[in-house]
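Take a look at the structures listed below.
After this come two complexes, each holding chain A, first together with chain B and then together with chain C.
This part shows the complex of A and B:
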């Protein structure tokens, strides 16, 4: 897109450029800056706009990488997995049932400790056919060792691509990382994005190095032999140990990014909005933050003590930050853009993760659950208002555990 | 891409092994010989990926890998995609100066379940990517041999497997003819791939030289081997080589390669075509194997007729499984 303006920095210093681009194009720009070596594509809406931008960057000579259009998502994710094994920085992505078609490959990657980056352009798992956003696709890998981050803005998409590579490739983790972008709302919406200069990115993001785990004739190792009951539990425990180290590595990666680029400061795990004296807050992930913030401002204008807490990293879950934050409030309403049919209290995935987190809090708020915005249905102000009212009522009654589907026709 | 000279005679083959001890395959296993041959033929500057199958599960136990060259497991249907990913990674890193630019062979192997069934689309896709130097080897022991001998699309008609037992109501449970995987890949991809061929470990020198030709051809290549399996085919392990030879001599398993679009037959298959040798009756091959022990004379006859078709009616004997309508054939002659 057209270059809007350049930021004010001293002469002869490489400058950031502000561009009006979508979340997908922001990711593509970050892949260029990260000098990614191998990318594999397969079409499915809405994630595939990333690959359209990537292919144009390659066609114009702005990105030098192997670009393989695979014949299925299964092959797509196997290609990048194996490219990563020889030391190539790799990128992949999918949406909805495409993500599910790759599930076998997604499942094995964390135990191989191969840290490529993927995006999941969140999409409903049709049937019935639906392009719109729903978080169940990415959430299917939540137990398997993938690091998952829910992005809100195009700027965050660019920044998190760089932070994601830095954290994932850190030898203390070496875990794959997926950025989750709400389909259409983020993948296809243009926003002003500050695109940093190459030199600055080079100083932030070191060259990918698998160390003594790289597959090469000079390092003739065997990867992923049969371990069976003799060793598998130890290997799983090593994955667990890596995920336990992830919060610290993530904090470092965000901190260094903030120092270098001046963005993504604060907690990497949550972002609070108007919570200082709040009694009632909603909790949610992704682009729903925008309509919720609008309603928070309107209710604040009427003197109501309401706020919003956005969950950013979902795996690892920001247990400490979320516990510390939410125990300050009287009533909490968790908004899931997913469903987990038959789960505890028939609640969504985020809802039950939040409730588990708060069980050992010093002070437990009353927690209500909401299922909203499935299949890309817009979460409107009236929906947010209803969720606040129900959460406030549950707080007044001192009784949580209610899960309500919002905006559903009778 | 590597340039590997052809070995002229067994004495030219070096002693050194790159697939060594440490595996726990069955006595008489021919598929493990395939592994040994491809490693020996390719040499030390090679990366191998292997899909799930008996050559994964029986071959590479944690702490006792037989691979002295780098090896990595890939998912069952991923021979083609694992080879592409490995080759693409190396290519990008070499072009961008991130690793030394040198020829490194990339070989992916899969069984008949992983290759002829589940992974066929990825193998087909890989054969269209002319930018990548890679070899895919399909070791065909005609069943899912790792999971207890279940039938695959590559299991011969009538064979007993754990999914196709001979019963009192249905003597023949497996009524599908074996899929002609090398033929369909050769017919569909010889415009893009410079080497698509078949082999059998009973003919070691022919086998290893085909691996070396494939790796030297440049671009994506494919080799399909027929591997007698004592466990799945029910015969004495000492007969493995003999049964492999009989598969070729009866005409059931033709040895050929399509090299830069030119088809040539090798070994005993060539002698059959030249009329120097007569095809042996299929009964000599089938009757040695317990998986066909329930066959009646009628079954043997049916099998023989199908194999006779391969040689007497196919447009290209043993390779292209159809013939031309005589009217169109006469048009072509004009």
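This part shows the complex of A and C:
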């Protein structure tokens, strides 16, 4: 149960308002609307922009919450974990090496089934010191029971913060959720965002209730005692069972959101663009969607049957949706903004997940892999064109399995 | 064509090196006989913490394939020899989490051997040891539990004496010749006993009082082993001989029945604070005995006990829940009244009954009749013992 507070905003904002805000600011606005109780912070670019907007909301009297500046990311994530265990709706986030420094806390949170929301402002892992976007930081928790969503726009950042809380806090899941925002491209770019009224959000997002797992003197429990070989596998199985339920809960959360706000309809897991009669599609996550769509339109104008499939929820992976979608195409190119050195065919993480998904499809497309946009390097139109050409060629040859680094200087 | 297994049950940390030396020496010596083996520790039985019962094993086989067959299991299911390095553990051992209590002789094969380092007789130990439905043998190596530290080894020749006893009483594991050869090869055979670091007189006096012969300074390891070989005897234990003891067992729930989020119930105010499935008592070597007559009801024991063992009573004194006591001795330390709480050797006791109830009935809290001798008798009797009736 979240601590009861009076909202200072509901009365004077009856309608949705349009604001020009960045992805980070959109998250901050959503936190205000979600009436978050505890936020922990430690500066690291690009996550620090969220901190900045949250502090401003608090200073302006628009958000009433505990804002705790920790001395490190490790403490930052411990703080929200514990806050969550006493029933507070909590928020936290980091980027790159900061996210990695919090790894111990990130790893234990799913087994404790504490559903706070975090953002990972994707950033390349040092060394060398770098700021640009790369998905490897968030990818590090992909096996651990975190739900992961790759956001494309500022509007989506706001919407997904609300949807994320609703899904994560659902008693059937009770799993932590991280929204992944491409550093700079999304965190630092202002877009027109529709900010919904408080009443509407209140009707969509129920109060956080941990039930009989809330740590309180009236409910004496012990969380996370040592567990040996006799117990751990059952605990992992419980987490697995929750993740297996996640697609259904996510569909519900998106469906309800669509009914209430008129956005985020369609599949929560993928978004298809110009795929109806497509023969060749690229698949990718996050902000790379823009340059890809631009090139899709240009190629379409020349009569080429190309399209794009954006993967949105990455954990749980939209296995059914992706399988059903991609088996319609002749050739598929998967674009990874991450690397998984030494993996099967030296491919990226998304590439190999997609290939595993398609292995049991009725029809298997020819699948090529691309590593692109690492360290925040721009994925330019010419890069997208090259990826389409290679994917088409692989389709024509009937031979997939090749992974190419795109846009790297020879 | 056969394989043999030896289990060493020891006190975590304090006897880890001793247990390791035993199993490794056995495997190496057996190798001299042309056998092949492995030495392994299985802390799954307990994470290795101070005093918690833990195990190490030596598995020895005639061939690689046979060895592999034995190793495909997490730990041997049956042993030729089980060695217990602290006689307090004869009451059974409980691991750190939810397994229940395992009798000390649980793995001993029919006709197999249980060796205990103890200053007591087999008969006295059998008042604590669970009965088995099969015959086996028990042997004593007369020695007080040899306790070291994580990095400190108490080189009091307990290792040599146990090895000698194994060679004599279970030669199928390894023979004396191979052990001697192995000691020579490692340059240990002629190593003389250097005296106890605590000072010989102080270290040996209580052991001597209880019947353990001191090792003369200068006696070599080889001599200690050979002497133990000559002296070793065993006593057959008939099926059914022993006690019912504490046989705490329980069903482990499936994942659907377990609470999610690694949540377990904590003691609720006014409700029995002990966790049903982990009693902890086998981790202790001593238990606190409270002299309720001199207790001034200051609450300090109740406040400081890490396991919430002290239970308020109408009289204002605190009963002790022995099932949950880990034997840390904190209560003895904080009690302001001289010798009001005294830590007494666990093997003096055969039950876990409420001392408060006994006190109310006018019964003695300790019956120092289990053969511990002067050292234990003195401590136990101090203000706590009415008589010396043997309740075994």
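Basically, the second predicted complex is superposed on the first by the 397 of 410 C-alpha atoms of A that agree within 3 Å, B and C clash if a C-alpha of one lies under 4 Å from a C-alpha of the other, contacts with A are read in each partner's own complex, and residues count from 1 in each chain.
By our rule, a residue touches a chain if its C-beta (ideal position, glycine included) is under 8 Å from a C-beta of that chain, and two chains touch if they have at least 3 such contacts.
Only a predicted model underlies this, so the values are computations on that prediction, with no experimental measurement involved.
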**Request:** Overlay done on chain A, so just call it for chain B and chain C: clash or fit.
**Result:** clash
**Request:** Look at the residues of chain A and decide whether chain B or chain C touches more of them.
**Result:** B
**Request:** Please indicate which partner A:241 is in contact with in the superposed arrangement: first for chain B, second for chain C, both, or neither.
**Result:** second
**Request:** May I ask you to decide whether A:231 touches chain B, chain C, both, or neither, giving the answer as first, second, both or neither?
**Result:** both
**Asked** Taking the superposition as given, does A:111 touch the first partner, chain B, the second, chain C, both, or neither?
**Response** second
**Request:** Scan A:174 for contacts with chain B and chain C and give back first, second, both or neither.
**Result:** second
**Request:** May I ask you to decide whether A:220 touches chain B, chain C, both, or neither, giving the answer as first, second, both or neither?
**Result:** both
**Prompt:** Hey, which part of chain B ends up inside chain C in the overlay, 1-9, 19-27 or 307-315?
**Reply:** 19-27
**Request:** Would you please give the residues of chain A that touch chain B in one complex and also touch chain C in the other complex?
**Result:** 220-228, 230-231
**Asked** Across the complex, what residues on chain C touch chain A?
**Response** 44, 47, 95-99, 252-255, 258-269
**Fill in**
chain A residues touching chain B in their complex are 35, 37-38, 40, 64-66, 68, 70-72, 74-76, 78-88, 90, 104-105, 108, 207, 215-217, 219-228, 230-231
**Complete:** chain B contacts chain A in the complex at 44-47, 49, 56-57, 60-63, 65, 67-75, 77-78, 80-86, 88-93, 95-96, 98-99, 104, 121-122, 124-125, 129, 131
**Request:** Over in the complex, which chain A residues touch chain C? Could you list them?
**Result:** 111-114, 174, 213, 220-231, 233-235, 237-238, 241-242
